[in-house]
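Given below, in the form of structure tokens, are the structures.
Consider the two complexes below, in which chain A is the common component and chain B and chain C are the respective partners.
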Partner chain A sequence: MIYAQVLVDGLVVGLIFALVAMGLSLIYGVMNIVNFAHGEFMMLAMYLCYFLWAGFGLDPLGSAPVAAAAMFALGVVVYRLVARHLLESSMIAQMFATFGMLIFFQAFANFLWKADARTIPDNWSTGHFAIGGLFFNGPELVAGLGALATAGALFWFINRTETGLALQAVAEDPQVARLLGVNTDRMYALAWGLSAATVGVAGALLSTYLAIYPLVGANWALPAFVAVAIGGFGSITGAFWGGLVIGVVQTAGGFLTSPSYKLLFVYVLYLVVVFVRPHGLLGKR
Partner chain B sequence: MTSATVSTRAALVVPALLVVALALYPLAFTLPFPRHIVIMALLFATMGTAWNILGGLAGQVSFGHALYFGIGAYTTAYFYKHYALSSLVTWPLALAISAAAAAIIGLPTFRLRGHYFVLASVFIMQAVYIVVSNWSTLGAAIGLELPVHKAADWVDAVWHLQFHGSKLPFYYAALALFVAALVVFQWIRRSRLGLLLNAVREEEDAARSLGVDTMRYKLVALVISAAFTTLCGMFYAQYVLYVEPVSTTSLIVSVEIAFVAIFGGIGTLWGPALGAFVIIPLTELLRAYLSGRIALGMAGSLVDGGVLDYLKYYAAGGGGQLDILIYGLIIILIARFQPRGVLGFFRRLD
Partner chain C sequence: MTRIVKLAAAALALAASAALAQTNEIRIGVMMPLSGPAAKSGQETLEGVKLAYDIVNGSFDIPLPFAKTQGIPSKGGAKIRLIIEDHGGRPERGSAIAERMITQDKVHILQGAFHSAVAAPASQVAEKYGIPFLTGTSESPALTERGFKTFFSVTPTANDIARDFFTFLAELSKEKGVPLKSLGVIHVNDNWGSSLAQASEQLYKKYGFEKLSTISYAAQVADLRSEVLRLKADNPDVLLQASFDADAILAMRSYQALAFTPKAILAMGASFATPDFIKAMGKNADYAFSHTKFDAALIQKRKAAAQVSKLFEERAGRPIWDAPARAFTAALVIADALQRAKTLAPEDIVQALRETNIAGADTISPYKGVRFNEKGQNVLANGLITQIQGGQHYAVWPQDIAVKEALFPAPAWDKR
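And then the complex of A and B:
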């Protein structure tokens, strides 16, 4: 029974990793850029929810749409100011630019709000309950389900709307997409906006039960890269499944050893996956 | 006299003058702080040059070099703390561990290309960070402190590698490391190994199809690069007398090492030194100024109320990090506007 509990806990947190990883994979798929600053959008969204709660008493779950909109805007700004100019750059320049953004946003948060952790003590989802012998923590379950719903919405948008299909066309072959009349620049901006918005929602969901501090994002975005690698770089669906896998792996690893080692298992998993299948477990090529 | 001999002569005279200037610097600047800044710049110039052997010559971009820095720092700290053996004695052990780690990591990861390789270096770095910051033998997150030794005479001081009266011995040790790294880098670049590494960087598949054992040369480049980085780690531990995970085996330190090379110009001889001598003094001065530990003599005139006072108030308040904010901004600006590094402008200097 304890293993069933570990599995379920892993899947619940895996849904969050899945949502974070889908946004990463979206940018990688469309622009072939590894965005190290992905987790920083999440961290900023968490602070936004905190201040909306502290200043106006808004429930962080109610703030999720605000966080999504704000991060969408920030994602587009980051694209316009930085990412757009990296399209033709070397991989090294691209990686340094996004790593520079990681350092910049973390220091920015540290500078304005200090390193102290902040918490939102409770919201409407606070509480514990049991279903059939399995225990659930209210905020964690709500966050997992919220991530699942957001992932579903992103999936629907990308596969069922004309804009989403245009985005996929750009990911497949930007030159052909341009010939077909797709404005690739707008699609790139949209990819950054959507990526930041979805990880912003993840931040809002996590702010209901996690401590908020400047480095919080990296603990989610770096493992999410492993999910992207497992799912095959650039595959949105693969990233989702990869997120569930690393959720279970880190929860089981933490359970079997000590919670401070849980991410170690995720990083080792990356190495195992790329050594066995250099293009990802579900990847093609 | 042909222009070729002029440029050959310049290629020897200019570096020689630079080294002489660096050797004379501590005689002109006798206060500890100006010496400390150049010691740190020399340390990062050495590590950037070492990184450049792998990243610049072989084209293998590693975000994990702090691992080798940590191997040097922790080996020194552990054996000095428990057995009072300084790195004068333990350096062969540290270099052996460094070479073993390089082989263990290089053999599997050098099969990977592009993003996969870089991310592997990131995750190995993260994994090592988790292990080190939980490993009680290495002091876990708190780290290891090297006991201070009051030397009886200079022989005793050299045996313990502890010089507290003056930073001069550390300064010249750092300068020697830096010159050695430059010489080795240039020697590799001009040798057959350099040609083979160039082939690995430009056309790995073609090189392999011609029968070049690319794995072997990448490993050689990594072991040499790691060895210099490990020596820097040993130097750092003896110099600072305190070793902990965030400032030694973290991803951020790895990026700092790589960035001095990127800033100056990847693959160039003088690029990492240029990067280190711009970035390190800038951040060190900014940090010192903002935390108010030294008076630059212009505090009164520069900060006259208003926005700057506000900034300074925040920056001084413990978690400030304005220096890191500016550091992040510099990385973004270089990657965005001058991705080939500052020396990308002045190719002739190289």
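And then the complex of A and C:
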């Protein structure tokens, strides 16, 4: 029974890794830029939910659409102010710029809100239950399912709407897309907005049970990078599966051996993928 | 022309040395985690340090040494100036900060660092330069085990804390007639956290435990599922814990989520003692034990504690607690040594520290006193154990400080 619990817990945490990873992969797929500040968008969304709860009594799950919209706007602003200027830059410049944003946002949060571990004590998903010997934590289950739903919505948008297809066209070949009348600048802005919005939803979902503090985003962004690498850079589907695989591998690996090694399994898997399939499980060569 | 330049240079040098003599200040380098996972605790610990030196520098009507006088009397009333740096909990920054404080800021003594993992490399640099380094908060016994000449630790170490835990558990088990056979230890994987595991490893059999399971994790962690699943599979009677702020909340919520209920959970360090923890866990914070070196119960036992706590509250927004109180006491140990030191030369300050003999009643801490052994460890350091009952901490051990009886064993999560 405990093995079933391990699997379920791995899947639940994996779904959240997956959602965070998908946003990361989106920007990379469309713009070839790795956004190191990705986790910080999530952290800002968590603070937003916290203050909406503290100020207006809004349930963090109710705040999820607000967080998505606010992060979308922030993503677009970051694109306009920073990322746009990096399109033609070297990879080093891109890394420094997004890494700089990571430091900026963390310091910004530390300065404004101090390092307190803030928490939202109760919301409607709070509670525990057991089904057939399996234990479920309400907020975590809702977060996992919410991540799944958001991932589904993102898939649908990208594969089934005209704008989504245009986004894919830009990812494929921006010059051709431009020739066909796609406004690439708007598509880039959209990619940043969507990426930030998905991670904003992840932040809202996690704020129901995680402590909120300036470094919280970084804890989730690092596994997300690995998920993206395992799934294949730029592949949103790959990032989704990569996130799930990481969740299960670290939980099961840690449980079966010693939890101290749980990240070891993740990085060994990463190395195997890099050696055997450098473009990732679903990435394009 | 060259002569004029030379003359001017000589005059400048003279003026500078005169100025140095006149400024008459004692520089103390303080390193704390003002960012990073323990930032909140670090910032408040720094407030404890600042408060202590403000009391030394100014004139206060508090029954503490150096409160009424201004500055260090034997050094012509020299004022203390603090040079403060943030190390963010990163060991590599500790040595760089110590190097800079010693060579550029010319500090007379170093104090810090909260994290044992940072105090270790930083004090190594201090040892190299012969500058004293004193910690009031870093609990790893490995620090004083190195036998450095210039390193001093006022705080109880993890060994003392583990001994307090085991003594308390043995008494509790006997009193309530509940046998305790298996022990779990969960800790962050740094010096400080590992030291609890090592101390438990040495002690558990001696105190009648048959089985020990140890889990370590990285403080910056997204989830603790596999850790807690492992614990649940081992299902120890008692859990000892060494965590920081956010990860302590995450761990406790994960225990609850997986219905993992040890008969007692005991934490060392600030984690369960922070108000954030009680706020986050609500009624589920109840039954948790903390080893601490300050508690409101001490306000009746230590004559200066009430006033110090009030002054601290004016600055930090809440009464003084464990880490700031220990750092406060450590700062007064430094002031005491500076007063007795023949000169401000490093070797004289070290010698004065070595001869320290302060009674517990002259501090705000539960220690029996402050006296260092040849390795620089305070041999009179001990702590107390509190339990959260109804959302409040109450001292439950040792008997002479306890204000409430310990609630034990803890009921299942859904029976609370």
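Quick note on the criterion: the second predicted complex is superposed on the first by the 270 of 285 C-alpha atoms of A that agree within 3 Å, B and C clash if a C-alpha of one lies under 4 Å from a C-alpha of the other, contacts with A are read in each partner's own complex, and residues count from 1 in each chain.
By definition in this document, contacts are C-beta pairs under 8 Å (C-beta built on N, C-alpha and C of every residue); 3 or more make two chains touch, one makes a residue touch a chain.
In this text the structure is predicted, and so the values were computed from the model without any measurement.
Per the definitions stated earlier, placing chain B and chain C onto a shared chain A by superposition produces a clash between them. Of the two partner chains placed by the overlay, neither chain B nor chain C lies in contact with A:192. Contacts of A:47 after superposition on the shared chain: neither chain B nor chain C is touched. Of the two partner chains placed by superposition, only chain B is touched by A:86; chain C is not. By the touch criterion stated above, A:226 is placed in contact with chain B alone, chain C being left untouched. In the superposed pair of complexes, A:128 makes contact with chain C only, with no contact to chain B. In the superposition on chain A, A:100 makes contact with chain B only, while chain C stays out of contact range.
When both complexes are overlaid on chain A, the residue A:241 reaches neither chain B nor chain C. In the superposition on chain A, contact of A:108 is made with chain B only, not with chain C.
Of the two partner chains placed by superposition, only chain C is touched by A:255; chain B is not. After superposing the two complexes on chain A, the stretch of chain C that clashes with chain B is 113-121, out of 113-121, 203-211 or 311-319. Overlap of the chain B and chain C interfaces on chain A: residues 106-107, 110, 114-116, 214, 258, 260, 263.
On the chain A side of its complex with chain C, the touching residues are 2, 5-6, 9-10, 13, 17, 106-107, 110, 114-119, 121-122, 128, 130, 135-137, 140, 209-211, 213-216, 218-220, 223, 250-255, 258-260, 262-263. Chain A meets chain B in the complex at residues 34, 82, 85-86, 89-97, 99-108, 110-112, 114-116, 214, 222, 225-226, 229, 233, 258, 260-261, 263-264, 267-268, 270-271, 274-275, 278. On the side of chain B, the complex with chain A involves touching residues 61, 63, 108-109, 111-116, 118-120, 122-124, 126-127, 130-131, 134, 252, 255, 258-259, 262, 266, 314-315, 317-322, 324-325, 327-336, 339. By the touch criterion given at the top, residues 34-40, 42-43, 189, 215-218, 220-227, 229-230, 232-233, 245-246, 249-250, 253-254, 256-259, 274, 276-277, 279-280, 282, 413-414 of chain C touch chain A in their complex.
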